[in-house]
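Shared between the two complexes below is chain A, which pairs with chain B and chain C, respectively.
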Partner chain A sequence: MVKRLAVGAHYGLRDWLAQRVTATVMAIYTVYMVVRVLSLPAFDNAAWRVLMSGSFTKFASFLFALALFYHAWVGVRDIWMDYVKPLSVRLILHVMTLLALVGYAGWVATILWRL
Partner chain B sequence: MTTRTVQFKIYRYDPDKDAKPYMQDISVELEPSDRKLLDALVRLKSVDDSISYRRSCREGVCGSDAMNINGKNGLACLTDIDSLKQPILLRPLPGLPVIRDLIVDMTQFFKQYHSIKPYVVNNSPAPEMERLQSPDEREELNGLYECILCACCSTSCPSFWWNPDKFVGPAGLLAAYRFIADTRDEATNERLDNLEDPYRLFRCHTIMNCVDVCPKHLNPTKAIGKIKELMVSRMV
Partner chain C sequence: MARCLGSVNGVKGVSMAETAVKKERPKHLNLAQIRLPLPGYVSILHRVSGVGLFLCLPVLIALFGASLGSAEELECYRATMAYSVLGLPVVKLLLLGLLWAYLHHFCAGIRFLLLDMHVGVELPRARASAWVVMGVSLVLTVVLGVLTW
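So, the complex of A and B:
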């Protein structure tokens, strides 16, 4: 069979943009958390629990986790696209990455709302 | 001024004779008038006429003598011989198939260049005189049209090394933006559609080796950024 090359998937812009947006979200969250942690009355478990059980911190932390996972999805997929040539192996790696990241998102939610 | 000797370590490969490539140590006596690396290569050719390389205009216009000089892509005709650490390490442009010695097969490079339709597409009836541009519109093409297609940029780009068949590469993308930026061109949307692809455009990870090596001091990364900006502006 003649091997034909196909390009033109017509996506890429959204992921490229999402990578920039998620990076900004993570940067803002990092600054927010550093400020909150430094202004804790004491560096102990009780103070940490008070901080992490606040609904805004939960919301922001969950948003951070989602941003991280979307960012990681684009980045890890780029690595597979660059270095893994066999189509079937690449597809399996894409799906495994995606499933792992969706699983992590659920895990983060349970951890955050356990408090 | 007296004559001086220059030491070389040159990548040699003749597929008819050599089982695999090897590095050859060779030195050459230069005349006082020899200033550029290409001058030394011309002298070298008179010592060993089997050494093969491309060259033509010998003044940085044709882009034929692009090679990897001491680990960095550049044009032999624009590189001062005295600025180079010896022995001067000469290799063919990385990432393209070697035909012989310093000569590479540029087919893949030009295939990508042609894939962006490097010409003005305008189906409107031609005006009586010419398709005019304002000075500002013309200004936008500066830094884009000067590319000589030497392939120094694309062959220094890791993304092009990994996916030369799918990623257009910095030279092709610079040319793509040259026609997107041209107010006389009417195919902007088709051009953006042609590039909106995870491989064709978005393999660029802003490594900027292209900017570092361009012998004409052009900035493909900036042009790629402008293409992305235009894509965002038509989506958002």
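So, the complex of A and C:
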């Protein structure tokens, strides 16, 4: 009989699923925005501003940003886990990545709701 | 003791487990010598493009914010976009590179989603879809790059 060691924090399946759900959200948003931008009446800043000021576009854009940052967190964390072995260095990199992404989320929110 | 047991009982039990653990595995870590098949390149480019996009997030958010900011910020945005070194519009070229990274990540990601759902897992179809990912992401980069330049 094989005895398996039960190791890990068991976030594997959750993150695997989250990576796919956030990817799908971003893919749908990307197609939506490409269509919206290509069908703008003019390719200038005024039209761009009107597009981004729409309340649905704001909502969708913020959702996209959150999906992006969660997706980036899972992806970048996997990279640190693959290549950085010393635990202390890895922990610092994880924390710095998380702080950067949370900061980006706040930054995007201020850009969108300043409009 | 284990070795002794192994020799008496044949190849099983403790001795087999021990040899499995101690067995030296071959390592092929010379990156220059490894010949990846195309799906391998799609896979590593998925990671590389993801890292590039992540590292450039502050630049992208700053440009996004400036494009929607005050008149001053908009001026700054325009100057940044027009910035060139030795006649090369380096900011626009960087953004073109990031556009490719995004589109490659997008196409390769959809391929991985399909593979997850057991679509196209057979080798010939997986190879074909890897070619499609490389081709479609490049063509889309050219098309969207020309449209938005």
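Definition applied: the second predicted complex is superposed on the first by the 109 of 115 C-alpha atoms of A that agree within 3 Å, B and C clash if a C-alpha of one lies under 4 Å from a C-alpha of the other, contacts with A are read in each partner's own complex, and residues count from 1 in each chain.
Note that in this section contacts are C-beta pairs under 8 Å (C-beta built on N, C-alpha and C of every residue); 3 or more make two chains touch, one makes a residue touch a chain.
The structure presented is a predicted model; accordingly, all values stated were derived computationally and were not measured.
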{"item": "Chain B versus chain C as contact partner of A:Val76, first or second or both or neither", "value": "second"}
{"item": "Between chain B and chain C, more extensive residue contact with chain A", "value": "C"}
{"item": "Partner chain in contact with A:Asn45 - chain B first, chain C second, else both or neither", "value": "second"}
{"item": "Partner chain A, residues of chain C touching it in the complex", "value": "47, 50-51, 53-54, 57-58, 61, 64-65, 67-69, 74, 106, 109-110, 113, 116, 144, 147"}
{"item": "Sites on chain B touched by chain A in the complex", "value": "159, 162-163, 165-166, 193-194, 196-203, 205, 228, 231-232, 235"}
{"item": "Interfacial residue positions of chain A with respect to chain C in the complex", "value": "20, 23-24, 27, 30, 34, 38, 45, 48-49, 52, 72, 75-76, 79, 100, 104, 107-108, 111, 114-115"}
{"item": "Chain B-touching residues of chain A, taken from the complex the two chains share", "value": "5, 7-17, 78, 81-83"}
